[in-house]
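In the part that follows, the structures are each spelled out as structure tokens.
Common to both upcoming complexes is chain A, partnered first by chain B, then by chain C.
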Partner chain A sequence: MADSNAPKPSSSVKLVLLGEAAVGKSSLVLRFVNNDFQENKEPTIGAAFLTQKCNLPSRTIKFEIWDTAGQERFASLAPMYYRNAQAALVVYDLTKPTSLVKARHWVAELQRQASPGIVIALVGNKLDLTNDGESGRGDGDSEGVEGEDPGDARKVSTEEAKSYAEEESLLFFETSAKTGYNVTDVFTAIANAIPETSLKSTRGPGASNVASRAGDEQRVNLNGPREAAKEGCAC
Partner chain B sequence: MTSDPPRGRSSSPTGSFYAMSDDEEGEYNTITHTETGRGVKLLYSKSKVYIHPTPSAKDNIPGYIALLQQKGLAGERPTSSSSQISSSPASSDLLLAWLPESSLGDAASIYVKVDLTDGDSPPKQSFLVPSPPTVTTHRGSIGHYAFAIPKKLARENFDPFGENGQVFWGGDEVLRWLRRYVRIERSGAEPNIYLVEPSKEDSEGFGAKASSRPAAQISRHDSSRGVSVKGAAGASPAGPSRQTHDAGMDPVMKFVKETGWNIMEKFSKVTTFTRKTAQEIMDNPKIPPQVRRLMGNPEVQTIQNEFDSARIYLARWAMGIAEQSEKDRTQRIWTARDVMEMEDTDVGEFELLETSSMSLESRRNCVTLKEWNQFFDSHTGRLSMTIDEVKERVFHGGLDPDDGVRKEAWLFLLGVYDWYSTSEERRAQLASLRDEYVKLKGSWWERLVDLGGEGEEGEWWREQRGRIEKDVHRTDRTVPIFAGEDTPHPDPNSPFASVGTNVHMEQLKDMLLTYNEYNKDLGYVQGMSDLLAPIYAVMQDDAMAFWGFQRFMDRMERNFLRDQSGMRNQLLTLDHLVLFMDPKLYAHLQKADSTNFFFFFRMLLVWYKREFKWMDTLHLWEVLWTDYLSSSFHLFIALAILDKHRDVIMNHLQHFDEVLKYMNELSETIDLESTLIRAEYLFRRFHRLIEAIDKKQNFPAPRMQPKPTATSAQSSSDSPSQQQNGKAPEQTDKKTISPELRKLLSRNVEILPRKVVHKNGDGFTA
Partner chain C sequence: MESLSAETWDTAICGTGLSQSLLALALSRSKKRILHLDANDFYGEHEAALSLQEADAWAQAHAGGGATHHLDNQLAEGENADEDVTSDKDKLSVAPKLSGKKSTIFRNAHVWKHPNAEAQGLSFPRAYSLALAPQIIHTKSKLLSQLVSSKAYRQVEFLAVGSFFVYSSTDAVSGTRLARIPSSREDVFSAQSIPARSKRTLMKFLKFVIDYDSDEQKPIWQGSADKPLSEFLVDHFKLDDRLRDFIIALTLTLDGKVTVRHGLTTIHRHLTSIGLFGPGFCAVYPKWGGISEIAQVGCRAGAVGGSTYMLDTPASIDEAGNGGDISIKLSDEVSIRTTTLISSQQIRSTTSQSISRLVAVVNSPLQPLFGVLAEGAPLPAVTVVAFPPGSLLNNTQLGSNTPVYAFVHSSETGECPSGQSVVYLTMQTIPLSSASEVLDMALTTLLQAVPATGEILYKLYYEQATSSRQSLVTSQGDATVFEFPSPSLGLAFDDESLDAVKEAWKIVMKDEALDNSFMKFEDREGMDDDDDVYD
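The block that comes next holds the complex of A and B.
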């Protein structure tokens, strides 16, 4: 970096989470935003809205995250959330094959109806329930079924999901919101994948045109000290 | 507003009463008011005591609390002697008043001087001021709003007269001064009630009764012995008319009556507010750590740039504080006319509740099992009062959370029991409902064998079962009865087989699966577990909980339709309601793209279950189940929440996502008691507005109303819609009443026709 004091351009990115109920959408967000995990997190009703920053070498991305309710019944509300979204995180539970089917539906709907150029990441969550990878641990020894390794609840193979993702040009990750494995990586990858051109129309509170506080913000934006640049997404 | 005719000497607001006669003037050895040559003695004055007629601190009216010594009519007081007057005036000679700054005129300097006098003794020199300009008299019963202080404050040991409380408004001083002259006892039952020269009955009534309800009032025994406690902006109907509670017009009460209930909200801010106190508040250990951290953070200003919640969090916390200090700097002067206008608007808005035979503070006491049982005939078990009487009690007081009354009462409120059934009939009903539940449960029990079987229906059932399983394991797990995981899971294939379960979770699953089967049109939908858990937790009996839930679902079904039509209708009604009640806020929300009111989605879907703490949710639901004022009272709860956060929303939230985030984050921070009070107030105001418009427009001809003309001016004093004019003249212009709004006055619960559910449910009906 040439000048670490020079303010990096900052842009907001609207991101929506979609996926079947109970695959861990809210938990992924909670891990990303607060670096926290809640066992038995209550089902989302309606939608939650959260924000988190992601520092890239060249710029800062401010994620505006819409976390939606998963159940089919509330699917009719989804367009409200993915409208104008620049990124989508479609989540499935890798211990539950039907959740990947649902994920495919979401991907198709996004490709059909969301903004063209939307960055979509396919995420298989609950890696902690499998024997895989660095996350592997999985303290809950899930009951082995169908003759698989005891402790391995994986029902969707990495290959299957990965090849589907490649077909559809999706980013692909397997994560564990519980252990935190790969979670930040998903968001960083998305941040990097957002085309520069779609970052023009930034709208932050500083841009708000209304009333009393606008003036203050303007001033702060221009003169306020910058946070020391930290690479990667904040956690 | 009218002045009542004098009721006796102490209620007479005439100048001659307060003024001194020439020969008595010497006793005071003082300054004489230049204009009149007469005056009353100012013993104590405390500046910057604000009245908050609106939620905005900009509208605050600065004034003084003053303790004045006045003269009784000559000859009425047998012990009239100069020594007594100067050393220990009879209580009837004292006037505790609140006086707007603007009303003081030339005397202002004297008030200031007395305010600045240090020490605990009355000023050596006596100060005479003109008798306070009493304007109005209010009569009638006192709305229970007057008694309420937001529970939040009470929880923090808020004591309006506390010397160590974090909030200072001079109340303790007023009290100390008052004590010099009259006997004051603090109520044992209600720590925030002070009895002024209490009679024996008062002491018995207030002294011993155990009650946890927060309240703040200075209760005055109403007898000729009592202190004439008057507000300058309205004289109290004191005096020999021995009314019960309504005559207890203390200044606090006075403020409430004069300004509407906003005073309660801002009560904590009735204080001399300076920069210094702002700093003190900042140092206060009770400030949430998030805020303190933020305040100490050098980057606090850049945080605004970060588009996270900091800015808004601060805004919320600072509700009013910033404006207040701004106010102190600018010292906006209010003219008498402003004050009068205020009276025409907000003062007239204040709703007095109908008289009740019960004392008001006990109306907000919860209904105990003992009281509940007394509602019923001891032989037949049949209700021996009207349904409305019962509902009124539950609506205002709620049910005792600890003594088990809910278990019985909820079955009535939910409609499982017929209100006028006998205990014999209920016993029989109970038995047959149990049988029926077992039968219903059996209908899906068979499916367990083949896990729902082949085909689409089997698929659907397995899907629903998995959903219920997952949701139950994440519903209210912090509530003790649902917390345990010590029972081995009965199904080895369950994703929860390794973590275990407990008997109550298993019961929830059974009930939801049974409901899924019972209401196949709709099926199980996320959110239902939230609606069932509290009912089961109270009943702890699966059959009864199931039927209670089933009745509850009758009215909640519309929230779970696939096309979201039920939710949309409610959000639309809310839209109309906000536009009708608060057009300015509505305009702001419009600018922020938020008039879809989607940020209330969660609140309406599960009736604020996620917004209030567990015990508060139980209380809220039983209040809502009464349908006492409206079967849509939950929308007034929404309005109350919105109203409470109006300033922050209007000043700080400019976008849909900001509004949604802000509202989502209110979860578990909302105080229930004050919200209920506010909601009731808003409902009554709504009701009156509708009535007034109907009267005026000769309903049902809703048409654009031209600007008020001479005719409307005539009726301006008794028409709430006209009283709005002072603040929002545009309001009256477009007041037409939509069917949605009109429906809000209905107490009938709307239940969807089966075919609507059938069409829009996601269940499985072969």
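The block that comes next holds the complex of A and C.
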């Protein structure tokens, strides 16, 4: 059906990053957006906003990524970010069990407060600090008992997190922002999991009832004729 | 929370209404140390967008005379609390945690829910986002150019405002009670509802308005500048009643007594806004709850710039302020110090007008109201219906001298689920009878006039007034307290409110306030449109 010459439909997806401090939220985004990694990255102070396009066979998804780092202690930024979000990345550090507890809190909060139908991915980061990470990307040939191997800092087993993710119908990945392992896969999986209906006319519960028109036709582009004609008219 | 008190903040901003949030945006690259608070547990203050659950709680808090004032920054003795109908269990909403002054901007709020609402299609509460500020924004508005120059516009989805209709109870010409106001020359010529002779007079008037302020046209109207526009239209342009209703409707004025000067200014704005960002439409509306969305974008920009955000945090000025800064009490344990305090006025001025608003969720998309305006135009998400004075004939006692406006929002606004719509009706509060009844009647009349059936599922009624229209600036030692006026009552966004934002910005920035740098930013890294694509 699809004409291969026709431009693919493009939709924006708002994605929020949640998780305890220092689990690597910003690093995951940096890897995804710039394919870069910074050792000893400074904590994010306020919040950051980045975009990245992801090309699927049938459409292009433009992720608008909200990184809510830093101020979770006031719990005041998050509602602003997950409002209208279609996807959330809840990150924990698989060398730190308390970060999974925090991740569970975020998942519960999202299920209670965010848009219904939000796609949530649970991501265990810092796989590079485990034997799985060193021994060829998680093929699991580590025989050592958890915690005993000095080279393995893993404290959260794959099984525990995975079964939790299955119970709550979350996407689940273990990643390393440092090596890049699985990072793009997370975003591609999210892109694929966003229901087509919520992309028809962009996002949220008020999806389009006018199926014949694509989302962008409704959107008014403020960078249209006006800016060219009257540049610098602001104040 | 200790770290909050450990330092002196450059600015504490109380409230996340549009003005404060635009200030947060304006300061987002300034490196100033900013603490931004809101007593509510939602963003937007007077301009919030509420889920049904939040709307229920909000209405409860604003029933009767008003809600508890969230920033007790007037050091004089507080008012009596006898009008205060909120109680501790209403903690959810407007945070009556510190008693004292009350916000009296909103009052007499109540909600109504269809007895079988769920069976009729009412979805879960968070599927709705009812805007307290459903203003349309003309494409010429300075607000839009500031959002563009600050790059914040990238985070807002703007939808087109479509047709303007005028209701008539006695229309025999077109067979429909809702007549669409032609918005362009082509429109006028093709309009079947207007007789040819009327078309010529209408064209003559439209041509005049386009350059009404020129030396050639000024003499025509200046002599009658303060007279009613409706008389001027008849005397000078021989417009018939119907065309006069069209023109008056375009002014979006609520008192039905618009002057020539004001009327010509607003119609000129309307006409010259058409086509700026695309064919056919004169105004836009931000998806997800109107002005509230812009307030949130301002706060996000503040957060990205490093400001600290705390919701659900009422604040009051500590009496024990001293020296170069002000002490603000956030709770029994925590006080913070700041050199400037920005907040908004919460007390209605004794001379304030009052408007009555009815927000209704309807279980029909009201499709016939959302036709495309012109070829290549975006599908409109907002439609305006004007009920001229006296057109609601069922009860001539009620509201016969004031118009009613209905802004109908399709589900494209994200304010309701697909297949439903939200109708925002506004009129002047009428002292001796019930504006709420008139608005109900207008709503029912509207639903009967649209060839589509719809049941009303949920209604929120409230009255809104304004504080004094001036910003209040006071000094406490070397510290400054700045209070924004409350939002204007206009149906279209009023650019004048932007002046106060700049004024506040200058107070915070002091010598660093360079006029031509206000709201002008480059995109932040990673935020341009030409980013790489992952395959």
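By our rule, the second predicted complex is superposed on the first by the 178 of 235 C-alpha atoms of A that agree within 3 Å, B and C clash if a C-alpha of one lies under 4 Å from a C-alpha of the other, contacts with A are read in each partner's own complex, and residues count from 1 in each chain.
In this section, a contact is a pair of C-beta atoms (placed from the backbone, for glycine too) under 8 Å apart; a residue touches a chain by one contact, two chains touch by 3 or more.
Predicted model only: the values in this text are computed from it and were never measured.
By the document's definition of touching, neither partner reaches A:Ser176: not chain B, not chain C. Legend: residue contacts after superposition of the two complexes on their common chain; A:Asn40 is shown touching chain B, with no touch to chain C. Legend: residue contacts after superposition of the two complexes on their common chain; A:Arg83 is shown touching chain C, with no touch to chain B.
By the touch criterion defined above, A:Thr130 lies against neither chain B nor chain C after alignment on the C-alpha atoms of chain A. Once the two complexes are overlaid on the shared chain, A:Ala21 sits against chain B while remaining clear of chain C. With both structures placed on the common chain, the touch criterion links A:Thr95 to chain B but leaves chain C unconnected.
Using the contact criterion defined above for the overlaid structures, shared-chain residue A:Ser11 touches neither chain B nor chain C, since it reaches no partner. When the shared chain is aligned, chain C comes close enough to touch A:Ser115, but chain B does not. Shared contact residues of chain A, touching chain B in one structure and chain C in the other: 45-53, 64, 66, 71, 74, 76-77, 80, 203-206, 208-210, 213, 217, 220-221, 224-227.
Residue ranges of chain A in contact with chain B, taken from their complex: 10, 12, 21-22, 40-43, 45-53, 62, 64, 66, 69-74, 76-77, 80, 95, 98, 140-143, 145, 153, 203-206, 208-213, 216-217, 220-221, 224-227. By the touch criterion stated above, chain A contacts chain C in their complex at residues 32-34, 45-55, 60, 64, 66, 71, 74, 76-77, 79-81, 83-84, 113, 115-116, 184, 187-188, 201-210, 213, 217-227, 233-235.
Here chain B touches chain A in the complex through residues 298-299, 301-302, 304-309, 311, 463, 467, 470-471, 473-477, 492-493, 495, 497-499, 525-527, 529-530, 560, 562-564, 591, 598, 601-602, 605-606, 610, 650-652, 654-655, 657-658, 660-661, 664, 762, going by the rule given at the top.
Within the complex formed with chain A, the chain C residues making contact are 41-43, 123-124, 126-127, 139, 142, 144-149, 153, 155, 157-160, 276-278, 281, 284, 287-288, 296, 299-300, 302-313, 365, 378-379, 381, 410-419, 498, 502, 518-520, 524-527, 531-535.
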